[in-house]
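Next come two complexes, and both contain chain A; in the first it sits with chain B, in the second with chain C.
So, the complex of A and B:
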């Protein structure tokens, strides 16, 4: 037990009969667990259970187990809470953590069931008939007017705003270069291009090398304005104003100086080794009117590209979204409280915000009731884990979904939640050159393409079962969802009937 | 909304003049961009009255002269041009500016130079709240804001780099800056002429003595500022200023436990 009275969370065991002393584990562990003194030794207190050593040990000689140490059971004082208190009593600081919340909150996606056709209307076989997943993001006109140009020919007379064309209703969420490695950004950009979708830079700017992927990139402008200049603003298909993030609504970000090396420094345009502090608010946005001002400042600077506004889902999300739509945004990116992060105080990650399922339903309904749903596209993110979640989010009213954590898991992430340390053994959330090199962008891109293609197949299969041939027919179609095991009030807020009704 | 037709008058010297009175901002800014593409290196805008986003996102070495009061976000995301305003300016001057120069021969509103990374902003008169928030420097890009008069609260808040100078002309014994000067500051330098009470300072900043480098820098900036704005800085000398800097580049380094 270490001086702060915390027992190791995991126990690393090396089977010395099997171990060939190849030392791959020493090289592979980003957290410095292993050492070699006549034989391989392991310091369990440093282990985060990221499995890098286990996967790369050629002899399967390493096992990592939960420390079986018994804690006196206590329903009020969970082991997690006791550990937090021990840490804080020894240090005087906020508990920092990474990824999305790991607390067992009710997951509404898991209490929604999807409909299917039987007898009275035919289902469709997606293998035989085309299924349309194409999605256009951006403002749609209130009405379309056509004018006759003679000889029975007509042309569109109404002006139509620029839209972003996605081949699939799935995009990659904003993860900044700095919090993740350049190879992670490379993999996301390559995959976005192959999939016909977009990746989002996050708030750390865009590395020069990725400018050729412009047609598949949304650039972000956050409160720190890192790496934001006219060329960057025009380097993608849209600009996103990041107001908030689901994992940490209402607070800013601190990228520690350790992660600001030469390349990150050049992309963020700040000196090497300084902390990159993102203020909690944009100090030029203190009102909806101010937001409108920044939206139009960005439109002026980009020749009127679509502008997305990303917010964390909070209690008044419907009214806020209405304000954002009326402020002139083309896309509203809703990030639920399960969303991931490179670093957040645990108290905020685990206790602030509301679920994406509720947010998407109430925002969609609010905008419809005001007759302005067509002004904006809605992206649902923060806890989308599978193709089923994609279908349910879209049926609840989203135009498309954003995936971050799922994309990282596809590239090897084990959810060890230590992104903020910069020691990621999988080369994802790190800037240490020897670790970054482990993630081959081409390999990562292939895994991402495989994952999203798999989900697309599954979405098509479900659409076929629902008897519709376009994702458009599912959008906001709550009639095709039923709740199971949700209380009446939550079901009412979702506007979804219980199973059996 | 009133959208008046604009026809720029062009002269031999490469100067174009637009009568901006009553012209919708989007039309006005389109005209400015078109003239820059046509190769004009000086554009005069007469009768400007609140049009927003003038100079927004422009990458050029042109000079834009504004007669009248421009609207919010003057020179936002700007990269290179020089803008000269022969009147007051409103909020958001030089928002997230990358390079270039903005000269305002009058007062300016809130949030001047937010997130600014390079270039210079000279305001001859007073400035509002939240001026120079999160300015940052990068390599040879060191942003500079000089305000001739007084400043409101949160001057230099969250500042990460660059130089903010407050001359305090016409303060008549009132405090030159408001409260929370340099709160959260972790880089860059503030120079304020006269006294700033400790109660006005953010926790992260301290008063430091001027050195020869500071005096030389202030001397150069005062000369340039006076020449550009025409402000009456007679008798203002570098020795009158105090220097404020953060005492830590990592103010929040010890805030977390893992």
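So, the complex of A and C:
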């Protein structure tokens, strides 16, 4: 029994008849579950069910099961709640966790159905016809001026601001170097380049080695200003001001000192081993007019590259987004409450914020009602799990989506939620050199490219079924969505009709 | 089946699903300004009778009201006298009405239960006109206001020196009902409707009109939802929830309000593919098309359509970007013909100089010549 009186969550079983005693499991487990005394032994209390040992055991001798321990059933006091109390009674502290919320909140994406063409309008076959996913992120003018330059020849007579050109409406969300390993950043950068999209640095700066990927990087400037300097600000196609994060609205970043080694320290410009706790607010942003100053300071510093502002989706998100658009941002990155994190207090992760589906719907509607939708691009993130979610988010009004958790899962992540320990056996959310080394950036990039290409094919297939051949005809086209099993008020807020209407 | 006018209005206005329809269309413009009778377009539409199903037909003629050419010719359908009275009160507040009369009709077997059909020749009141920088905007708002707030009342034509005539019935019957052979015009467009899932309703027939724009359309706009929301940003209210209405308002927005040349507006509605833009060797055109797609992404009309658009000095035929509906064009001397089928052109012009099938997204435009 552990000091917290907590029984193990999982049971690790080694089949000693199959085990060859190769000790690979001992090497692979980042959490120190395995030991060897004449035979392989397992300390189940340390297991997080990351499956690294299971996958790498050549004899398939290891099984990990849920601890079948019975708890007296109690609908009010779930086992999870009881465990939290045991933990806190033993430790006196906030419960820290990683990744997005695992509570069974209503998932609105799963209550939206997509339309298709039958007879009266033809569907389009993406295998035989062009199907366009190209997306431009940034400010567009309300209207263009065009002048005639000769017989039937025309030219553009008004300028269009620089935009980020994406071949696909899917980008990699900000995950900081420090929270994730350098090899993870490498894999994301390589994949972003191959896919014709962008990765976001997160708040931990950008390792010099990745500067050549500038055309596929958005650099982030968060409240801690980790790794922010003029060269960094110009090391990408855009700068993102991170105001908030879906997994932890209203609070700053938490990177434990254990994850701050020499390289992270150099990139973040902070001492080795110090906890990197970014402040809850930016200390130069106490209102919207302050945000405007930072937006324009960054524009000045970068020769007027697009500026993105990332916010967590909270109750008043529509009005906040409108203010951000009017403050001069070119992109608004909306992070829903299901978004992931490397470390967050569980109470905030599990209970603060609103879903991305609602946020994107109300923000898109607000900007349209003010006639300023063209001023900004909207990125929907925090809970995008599949190509179906991509389609639904775009139909609700997003220009593009950001994926973080899905990208990590592609590279091996099992959602064990222990990122903050720095022991990630998959080499993702760790800085321990022996663990980092297991994530081959080339292999990781290939997995990411495969995943996103698969999703792109699926999005094209759905577009074809919808009878459109360009992503912009899906964007904000809520007419092609229907709700199933959503209450009337939620459907009304989404501006989506129920199935059958 | 035909719905009573008031019921139909409610159904069309309240039922929030838009209505798919397939159709036959035909149009002609005499670019030398020659006037031809409405019997010509009726004759052309007769041949493509089978492309409609009797649930909607209509026409627009340009140059038909020379005596009132400086006034807005406002055609209105009323469910009953009460609707007419309250609408006329609203008109009186906003407009100086020069003439008001019933639209002349003759009984035709296929046309039953017409609503009250009236037309008004009017201009905005001077005091209001001074306060309003753009008279056309004023008229657009007035039409939207009547169509959304006055019960049982529907403005179906609001241009100058042009008029829309439409009803439930086959196109050729509708033409005879409205006595079109009695009018002469330099442009005529016609439409026979084949709605797939709704009863016919007079207001729902084509052409759709706002100001001088009259649109007849064969197709279903798969991007309808976003096109509608885009238009709403600019104050257009899509009250009738049909694809065609969206098309009419998009032309009004892009050409009249934003000042895009018509051929450029067509590159918004039926945008060139990126692969063609990327390989365009003309840098100026490449920049223009890329900027158009970025800025007007929500105005791309996606899905099958063939459309004929009439406007004060011209007529346009346009297909969607992969040509999913038929459209044929022909010229004979100074006359341009556009139709769903070649037969409808040859019916009224047996030996055209040239007949061709316009390519996907390539507009065919006829314009009145300089002094015509």
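The rule is simple: the second predicted complex is superposed on the first by the 495 of 501 C-alpha atoms of A that agree within 3 Å, B and C clash if a C-alpha of one lies under 4 Å from a C-alpha of the other, contacts with A are read in each partner's own complex, and residues count from 1 in each chain.
The criterion applied here is as follows: contacts are C-beta pairs under 8 Å (C-beta built on N, C-alpha and C of every residue); 3 or more make two chains touch, one makes a residue touch a chain.
Note that the coordinates shown come from a computational prediction; the quantities given were computed from them, not determined experimentally.
**Q** Using the overlay on chain A, decide if chain B and chain C clash or can fit next to each other.
**A** The answer is fit.
**Q** Using the superposition on chain A described above, determine whether A:443 touches chain B (first), chain C (second), both, or neither.
**A** Neither chain B nor chain C is touched by A:443.
**Q** Once the shared chain is lined up, is A:211 touching chain B (first), chain C (second), both, or neither of them?
**A** In the superposition, A:211 touches no partner, neither chain B nor chain C.
**Q** Counting only touches as set out at the top, which of chain B and chain C does A:86 meet: first, second, both, neither?
**A** In the superposed model, A:86 contacts neither chain B nor chain C.
**Q** Scan A:56 for contacts with chain B and chain C and give back first, second, both or neither.
**A** In the superposition, A:56 contacts neither chain B nor chain C.
**Q** Using the touch definition from the top, say if A:233 reaches chain B (first), chain C (second), both or neither.
**A** Only chain B is touched by A:233; chain C is not.
**Q** In Å, how small is the closest CA gap from chain B to chain C once the two complexes are overlaid?
**A** 25
**Q** Do any residues of chain A touch both chain B and chain C, and if so, which are they?
**A** Touching chain B in the first complex and chain C in the second, no residue of chain A appears in both lists.
**Q** Please output the residues of chain A touching chain B within their complex, sorted ascending.
**A** Contact set of chain A toward chain B: 87-88, 90-96, 221, 223-225, 228-231, 233, 254, 256-257, 265, 269-271, 274-275, 277, 279, 283-284, 293-294, 296-298, 300-302, 345, 418, 420-421.
**Q** Spell out the residues on chain B that touch chain A in their complex, using ranges where they run on.
**A** Answer in residue numbers: 26, 29, 52-53, 56-59, 72-73, 76-79, 91-92, 95-96, 98, 111, 114-115, 117, 130, 133-134, 136-138, 141, 157-158, 160-161, 184, 186-187, 249-258.
**Q** In the complex formed with chain C, which residues of chain A make contact?
**A** Residue list for chain A touching chain C: 117, 119-122, 124, 129-130, 132, 134, 136, 140-141, 143-146, 148-149, 152-156, 160, 163, 368, 371, 373-374, 466-470, 472-480, 497, 501.
**Q** Which part of chain C faces chain A closely enough to touch in the complex?
**A** Interface residues on the chain C side: 16-18, 20-22, 196-197, 219-220, 222-226, 228-230, 232-234, 258-261, 263-264, 271, 273-275, 284-285, 287-288, 291-298, 300, 302-304, 321-322, 324.
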